[in-house]
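Each structure below is given as structure tokens.
Okay, so subunit A shows up in both of these, paired with subunit B first and subunit C after.
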Partner chain A sequence: MKATLERLKGFFGASDEVIQRDDLVFLTVDKENLVSALTYLKNEAGFKHLVMMSVADWLEEGKFQFTYHVNSHELKKDIALRVFINRDNEDMYTIHTLWPTAMVYERENREMFGINFPGCPRVEENFVLEGWEEMPPNRRDFDTKEYSDKTFFPRDGRTTNDPREYMKEKLYSEEEK
Partner chain B sequence: MKIKDVLQPFTAWKNLVKEPITIGEPHKREGAPRYRGFHQNSMDKCIGCGTCEDICQNAAIDMVPVEGQETTHSDSGLRPKIDYGRCCWCALCVDICTTGSLTMSNEFKWVEVDPDAFRFIPGADKKPWDDIEAGYDRADHYELHNFEREDMVELAPEVRDHSFVEIVQGYSKTQAQKEADRCVECGICVATCPAHMGIPDYIRAIREDDIELGLKILYETNPLPEVCGRICTHNCEAVCSMKYRGDAISIRWLKRYIADQVALSDYKGILNQNTIENNGKKVAVIGSGPAGLSAAYYLALLGYGVKIFEAFPESGGMMRYGIPEYRLPYDQIDKDVDYILSLGVEIEYNTRVGKDITLETLQKEYDAIFAGTGLHIGRKLPEKFLPGSDHEHVFAAADLLREVTMGQEIHVPKKVAVIGGGNVAMDISRTIARLQKVKYGKVQLTTTALETEEIMPADREEIVESREEGIVIMPGWGPVKVETKEGKITGLHLRECISVFDETGRFGPKFNEDNTTFVEADMIVESIGQGMDISYTESLGDKLEMGERGKVKTDGYYQSSLPWLFIGGDIVQGPDVIHGIANGHLAAKGIDKFIRGEKS
Partner chain C sequence: MVNWKEDRSKFPEKNPDGTNKIDLNSHKFVKIWQGPQHPGVTGNMALELTVQGDEIMESKTHVGYLHRGFEKLMERRRYIQCFPICIRVCVPEPDSNEYCLAAAAEELGGIEVPEKAKWLRTLALEMARLANYLQWTGGQCGSLGMGTVGQWTMYLRDYVLDRFEELTGGRVYHMYIIPGGVRSNVPDGFEKRMNEVLDEIETVMNKDIYNMMFNNAVFKTRTVGVGYIDPKIMEDYGVTGPNARAGGLIKDVRKDYPYLIYDKLDFEVAHGKDSDIYTRAMVRRNDLLTSVSLIRQILAKMPKDREIMAKMPNVLHWKIPKGQTYARIEASRGEFGYFMTSDGSAYPRRIVVRGPSYTHAMSLFEKMLINANIADVAATMVSLHTCPPEIER
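Take a look at the complex of A and B:
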């Protein structure tokens, strides 16, 4: 494990090591080093299992964060590689050639965050949001509430009251009389 | 077709006699202890602030009236109704709940034929999970609210106890924005504010750093923001929805922050009041206190020619002649007043209506009159209730405060006793304590209140700060007699007060005659309330109808029984500044209606 981490840091330029638990380490790599680092982990270091891949939107920093979480069954250790890309350049390398299952993650993240994974098969197909026409809903600038209000409200039988206006009506609407 | 293919399906029949491996309903599988299951709401704790509705990303919550939940000043009477067709059980509504009334049980099974049944009011519509203890529980480090009020920088006791420099220093921009950020904009406070100021709106303006918009919002309902930003009784803060789990928002200091940021010279441009068309009508205002100034401001905006008649040499009424300078500096009153005067409002000082000019003259010369002459007569207990109170060194607080403002030297002996537990008692105590500190280098002043400390009417901060300045406060004591020796006061006899109000809530103190004490003093100050002087209305006789408790009878527009005479301020409501501002504003609207013939 130690040699693997050294290799990641030395050869693949990994940095910002966070030892989350004894068996889980986070490292950050550049986008350009990601595929080669994951290839090394899978083919040479024994981290053969892709546990998951996820995306987070750091709106204020203008970044998307990718996390690739891999596991070594022999070592009983996990390594997670983080990659940050600029939010306005939403292209990411596909890793479906390493793990075919990554295709599903990439398809989902394309739908939810609008990230392109050129070369990934079936990535353009709908994942869960059939007929979606808004901005990708997991982007932080997507206004969920506004969408809900527009789409789901008012619904038959539903009415609401603003506390401030309601209290005015109840408590002091008679004042000017 | 082979015979096997025909018979194969029947082999499944053997399962008919087998024990099923699935779990039948109802099964008893509980949710995890911290499961985010169905909602619970405590009807008593909930104040109907609607913050749950605001945060719900799925628009699943409506605020609806519920039978048995009355609308009061601290409770809208509304309760959240949740649409489980929309809810995703994210628990944001529980996390943001200002009172902690909304919770989640770990129950997760609910079968119903009618789909509309899944829209329900937790707590009001009884459900089997209402009393389940287990359920969603926020992790300790995870909190959406900031419960702590931004600290105000104040002068330390040793710096302020010998001077009249303003104690409260005001918020910086960073502080104000941080404090404004705590507000959930529920608007519960608006009903309580007598002027119904747009409190959530101006707090939002601070958060968004739009001070000009903030000032406009303030002036919509309150033309004395520098004053109110300092000494308002801030009833709004007493109902603030943030007070239940933390500190109420510092609404008063935020208001002051807005007014403090803008120079007087910029007001007209921001408020867009450079030109006001004069409508040729004239209104006289008696008294330049908060009510009179408020009426004058809103009348001036409507185009009326307004002239204020002020008995004292300067404007402000009780704001200047009652409230000490360390709480409300005179230049801040001047800023608010100067703006009102800049709109063309005239003011004639040293002119007491009823003495220097008669009400009849005003009635002839003006189209309407607004009187807000306030409560300037300091009450004193008569000799029969407090033997010795006729002594020349027994004073009324209001008189002394006025004399200090006027720059007159007041009698300040080494030992003083003050009777009273309200804010005026604190004002005179702290004023005399400062003068003692300057004159003798030390404070020897005792303030006695009938009320116990918990129910003393003075603001908590006034009590705390008074003590910091060396004043001894004795709650729960009533005066018996002023002791004199060879014509000089030597002290005040006191007896224990066991209750202040009777069963009906009326003032009727009861005493324990066996428990008495004595406070040494060379001078006594009584701060037991103020009375009004409306002798200028004497000539009206019975035509001016009186209402309850010796107050002049007025309608919703503060119009008296004489249509041309409107009366407001402390003499009809309050006493405090913000009621005066509110009814001055309403009176201005009423006067406008009266003059335009829309109101008899």
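Take a look at the complex of A and C:
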């Protein structure tokens, strides 16, 4: 594990090491070094299992954070590689050649965050949303309230009544008074 | 005796890259949909199948029928308000979601959980696993037309839900595990009643269901050698849990990364090597019985102290320090995890759910169905134990 981390830092320029737990280390790599670093981790260092690939939106800093989380069953350790890319119209490299299952993650993130992955098969197909024309919904600046107000027919809110008056009106008709 | 063997030399026609050649205009192919409403599909998802005869040439999984945007909803809520949402990610086994979310928040917030709470959490997680496996056993038999087993397992599951009601107040959704500990202690006489349920489950599983399911000629013919997953592709396709263990890839988070009190309990990880539907069913049955044994051990060894909740500030004023972490557990379907990003405010920045079905039901299942028979689709799908809400979140 130590040698792997040294190699990642020395050869692939990984930085900002955060040891979250004994079995989980976060490292930040450049976008250009990502695919080669993951290839090294999978083919040489034994980190064969892609646990997950996720995106977090840092709207204030104008960045998307990718996290590629890989696991080694032999070492019982996890390494999570963080990659920061610009929020505006930047593409990301695809890793479907390393893990076929990454194709689904990439398809989902294209739909939910609007990040393109050139070269990934079937990436342009709809994943969850069909016929969606708005801003990708998992972006921080997508306003769910505004969207629902605009899309769905506005209904009257609930009315409240004073129970005493209301019951009187319901139970006793005008004539009885 | 007629020894008929089909000629596969010209059929199916292949593309240069090894995939099946499909020409929809040739009138040799038919596209059929299995789902989104179909008894042979777990939950609501659709399979778009291109078939020639009764052989599947291409399969595509379509999801989105259960999308409610849990991850997005959680970004706009305080940590405690996330709990009623996160449990909806998996209906048959909601406790794994509660635990992952609570564990991730505790790790980032540096909260120590009392010892008793750890035992109670393990109890709830194992009971959920037991209930979910019982439901699955019925589903697997139902997918092959043996509805009787499903009725037996559902009444057994109902007994487990009764015990959940005693312990947590809820039958299906419990919201029992929250940051800092658990919500309530075990009621009086719980141990005795739980043991009665476990005895009944063990008897029925070992006798009636074993004979009806594993010694059944129909079940064996339909499952042995069907739905094979090559162990070599398991790591590439992210296969975990019983699906991986049935192929000899022995992965179990309870043993590999012991959480809660699993290192104090004595258990063996069930596994097989044939990697077909029958082996997966057998692994799940053995896992179910392991769960029964674990619950007995927990009830016998549980400490008697009363403290079940750490001292926490007002729930509406929680702020989790900035950071990221990944909490994982072994759910009944495989490795289940929550990746939490906190920016130091009262709301989570982003929570990503890693459901085992995400990899099993999408890329793996699409690959498995090629050249399979239409009649085997339902059994194969149930044998992967997929749960669509985990895919679309």
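Keep in mind that, in the parts below, the second predicted complex is superposed on the first by the 151 of 177 C-alpha atoms of A that agree within 3 Å, B and C clash if a C-alpha of one lies under 4 Å from a C-alpha of the other, contacts with A are read in each partner's own complex, and residues count from 1 in each chain.
Going forward, a residue touches a chain if its C-beta (ideal position, glycine included) is under 8 Å from a C-beta of that chain, and two chains touch if they have at least 3 such contacts.
Since we're looking at a predicted model, the values are computed, not measured.
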- Query: Taking the superposition as given, does A:99 touch the first partner, subunit B, the second, subunit C, both, or neither?
  - Reply: second
- Message: One more residue to check, A:52. First (subunit B), second (subunit C), both or neither?
- Response: second
- Between subunit B (first) and subunit C (second), which does A:30 come into contact with in this model arrangement: first, second, both, or neither? neither
- Between subunit B (first) and subunit C (second), which, if any, makes contact with A:144: first, second, both or neither? both
- Given the touch rule stated above, what does A:128 touch, subunit B (first), subunit C (second), both, or neither? second
- Message: Applying the document's definition of touching, compare subunit B and subunit C: which contacts more of subunit A?
- Response: C
- With the two structures laid over each other on chain A, which partner does A:20 touch: subunit B (first), subunit C (second), both, or neither? second
- Query: For A:69, is the partner it touches subunit B (first), subunit C (second), both, or none of the two (neither)?
  - Reply: second
- Hey, what residues of subunit A end up touching subunit B and subunit C alike? 144
- What does subunit C use to touch subunit A in their complex? 63-64, 67, 69, 71-72, 75-76, 107, 235-238, 240, 249, 251, 256-257, 323-326, 328, 335, 337, 339, 341, 349-350, 352, 354, 358-359, 362-364, 367, 392
- Message: Show me the residue ranges of subunit B that touch subunit A in the complex, using the header's touch definition.
- Response: 48-50, 53, 56-65, 71, 73, 76-78, 83, 86, 116, 119, 186-188, 190-191, 196, 200, 555-557, 586, 589
- Task: Give every residue of subunit A touching subunit B within the complex, in rising order.
- Result: 144-145, 148-149, 152-153, 155, 157-164, 166-168, 170-172, 174-177
- Query: Considering the complex alone, what residue numbers of subunit A touch subunit C?
  - Reply: 18, 20-21, 23-24, 26, 48-52, 54, 56-57, 65, 67, 69, 73, 76, 78, 80, 99-101, 103-104, 126-130, 137-138, 140, 144
